[in-house]
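Below are two complexes that have subunit A in common, paired first with subunit B and then with subunit C.
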Partner chain A sequence: MKIDFEHRQSAHCESGVTANLLHHYGIDISEAMAFGIGAGLFFGYLPFIKINKLPLTTFRCEVGGIFKRLTRWFGLQVRWQKFRNPEKAMDALDRKIEEGIPVGCRTGGYWLPYFPPAFRFHFNMHNLVVIGRENDHYIISDPVFPDLERCHRKDLMKARFAKGAMAPRGTMYYLTHVPETVPFDQSVKNGIRIVCRRMLHTPGPLIGVKGIRYLARQVKKWPEKLGQRKASLYVTQLIRMQEELGTGGGGFRFMYAAFLQEAAQRLQAPGLQDLSDKMTAAGDLWREFAVIGARNCKGRAGENDSYAAMTRILMECADREEEIYRKLLPTVR
Partner chain B sequence: MDLKDRLKRMIVEELNIEDIAPDQIEDDEPLFGKKLGLDSIDAVEIVFQVEKTFGVAIRDMQEGRPALQSINSLAAYIEQRLTQ
Partner chain C sequence: MKISEVPQQPGMITDGRREICYAVDDDGNYVLAGSAGWEPKNIANDQAWEIIRDQMQDTVRKIRSGKLSPLAFLMVSNQMTPALLAQYVGFSRWRVRRHLKPSVFKKLKPEILKRYADLFDVPVDTLSKVPKDIETMLSKTDTP
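Up next is the complex of A and B:
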């Protein structure tokens, strides 16, 4: 059994799954647009939440938020399911596949055997779409891979029930109703408004541009406070969250720039193109931070690659992003 | 020096690989295998150096992943982008 489902590769799993599922039901939407409408862009430094014993830094919104917001604003109906029993979770998946319904699943990417070993580590928020089954293997549209993948039942079950922080607990979801037309332009504005408000006005020091500045102040203290080895691990984790985890690079800033570019055309708002360019520049700066961090982690830092330099770059990222959000918000009022 | 030789030298010099000379890297060997011992954190530096040296931006590490498989694939990617 294999559902006729067009697999399109994307940078980020949740926005890719969202765009591909909507595309399957006849809604033409790019990954960047899904990410933007779903208000995926975010920043949070949450040292009290540990992933692999290292503080969590997130460049994207809450898990599932992109899909939930976009489907709500578009008026789509979705069925979400979580399970305690792995066998029951796989049986429920099988039933939907038999009905010809593509099913989104949240998984621990580490346990998916088609992930290349060099890029594999424990991360429990990886989304994919199961589109078929042949004997003991499932056919998977994993949006971060170029082609359809196959995965043995026991591996998929293990991935769906990966343990640790944010364990997926067999989470699966699928669309049950899609309206004939969707309020596209208004949803674009909704998404922009949420990102700007979150990045500028979330209370507390850890979220949005305030969070970037808070992290910046912490980074330069890490070598003394934690020791070189642990400081390197903290930075490594940061870089991975920023550049690797399907972020599209620059902590999703490049993807958001692509969204703003599309939004400029869709809303006939040329000002958004300028802000898209500025967001790309902010992404470049984030990447500069990652490069200096990588050099420190790998013991090849030059005299200009200090932790203080990383702090300075992060402060500039915060300044530039604040300017973008302050200009962006009035465009959707 | 051709593009592949420049890439090999860039990788050895910028990633401080002490025990391998540029000409010891085979054109088709995996960059992220055991021999070179590179990992995804090194990929960040390679992406940065490719943009700095050749003016070819790899914005997305996912997009860059196939290009970063080997010297052959990286050279082909750069040549393709430069002729676009």
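Up next is the complex of A and C:
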């Protein structure tokens, strides 16, 4: 049994799964569009949450938020299921596949055998779509990989029941009703409004552009406060959050710029193209931060690669992004 | 990022696959471009693995000197802490910590060992083996 499902490779798992699932039901939507409407762009520096003893920085919204917002605004009905018993979870998946319904699953990346070894860490927020089964193997549309992948039942079961923070508990989801038409333009505006508000007006110092500035001020203190070794670990952790987890580059800033470009055409709002260009420039600046940070950690730092230089770049990222959101917000009123 | 700037510096991806980057073409339009990898990312990823490798070497030393049971090696090489391992096998944390003691581990019943063996997908009798040559072991399991 294999469902006829168009697999389109994406940068990020959740926006990719969302776009591919909707596409399967005849809604023409790109990954960037799904990411934008789902208000995926974010920034948060959360030093009190530690991953492997290193502070958490996030460039994207909460897990599941993109899919939830998009399906709600489009008026799609979704069935979510969680399980206690792994065998029952697999049986439920089998039944839906037999019915010809592609099923989204939340999994832990560590147990998926088709992941390259260098990517195998315990992170429990990975989404994929199961589109078929051949005996003991499942056929999987994992949006961050170029082709369909195959995965043994026992591996998929382990991945669906990965433990630790944000354990997926066998979570699976599928669409049960898709309306004839969807309020596309209005949803684009909703998505933009949420991102702007979050980035500009979230209370506290750690979220949005304030968060970027807070992080910037911290970075230059790291070598003194933590010592060279630990400081360098903090920086590489930041680079990994920004680049490694399927962000499409520049901590999702390029993907969002692609969304703004598409939105400019859709809403006939040429102003958005200008902001898309500015977002691209902000993404380039984030990339520059990664280059300097990595060089610093390799001990190949020149004069311009110091922690003070990283602080300056991050401050400029914050300034540029703030300008974008301030101009973006009035366009969707 | 322009298409011409999409990095092609392999490191983490070893099998010729590509990951998606968003880049701008000559007309200023966004397109999806495949990337083989990027040096800053490779450096950051290497460093994460270096930590795991250090932990593994440290653990092997402790097992050889009789401070930890061989189970500790499987735990650490699977990037787990006693707390995470406990969740996976369904024992309490203090029980897993006890199993990390060589004296306790030696007396464990086969059914308990099987829980660990199933999780790590290894035969029960290899549970008590410590890798002889850690470097080849590392290059086999973890090094990208």
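Assume the second predicted complex is superposed on the first by the 333 of 333 C-alpha atoms of A that agree within 3 Å, B and C clash if a C-alpha of one lies under 4 Å from a C-alpha of the other, contacts with A are read in each partner's own complex, and residues count from 1 in each chain.
Simple rule for what comes next: a contact is a pair of C-beta atoms (placed from the backbone, for glycine too) under 8 Å apart; a residue touches a chain by one contact, two chains touch by 3 or more.
Computed from a predicted model, the values in this text were never measured in an experiment.
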item	value
Residue contacts with subunit A in the superposition, subunit B compared against subunit C	C
Contacts of A:A32 with subunit B and subunit C, given as first, second, both or neither	second
Touched partner set for A:G164, first subunit B, second subunit C, both or neither	second
Touching partner for A:E321 - first (subunit B), second (subunit C), both, neither	neither
Subunit B versus subunit C as contact partner of A:T236, first or second or both or neither	both
Partner chain(s) touched by A:H122 [first = subunit B, second = subunit C, both, neither]	second
Contacts of A:N52 with subunit B and subunit C, given as first, second, both or neither	second
Which of subunit B and subunit C A:E14 touches, first, second, both or neither	neither
Touched partner set for A:A290, first subunit B, second subunit C, both or neither	both
Subunit A residues contacted in one complex by subunit B, in the other by subunit C	9-11, 116, 118-119, 144, 146, 236, 239-240, 243-244, 246, 248-250, 254, 283, 287, 290-291, 294-295, 297-298
Touch list for subunit A against partner subunit B, complex	9-11, 116, 118-119, 144, 146, 236, 239-240, 243-244, 246-250, 254, 283, 287-288, 290-291, 294-295, 297-300
List of subunit B residues in touch with subunit A within their complex	15-16, 32, 38-42, 44-45, 47-48, 58-63, 65-66
Parts of subunit C lying in touch with subunit A, wherever the complex brings them together	1, 11-15, 17-24, 28-30, 32, 34-35, 38-41, 43-45, 47-49, 51, 78-80, 84, 87-88, 141-144
Residues of subunit A touching subunit C in the complex	9-11, 31-32, 52, 110, 116-119, 121-122, 144-146, 163-164, 167, 232-233, 236-237, 239-240, 243-244, 246, 248-250, 254-255, 257-258, 261-262, 276-277, 280, 283-284, 287, 290-291, 293-295, 297-298
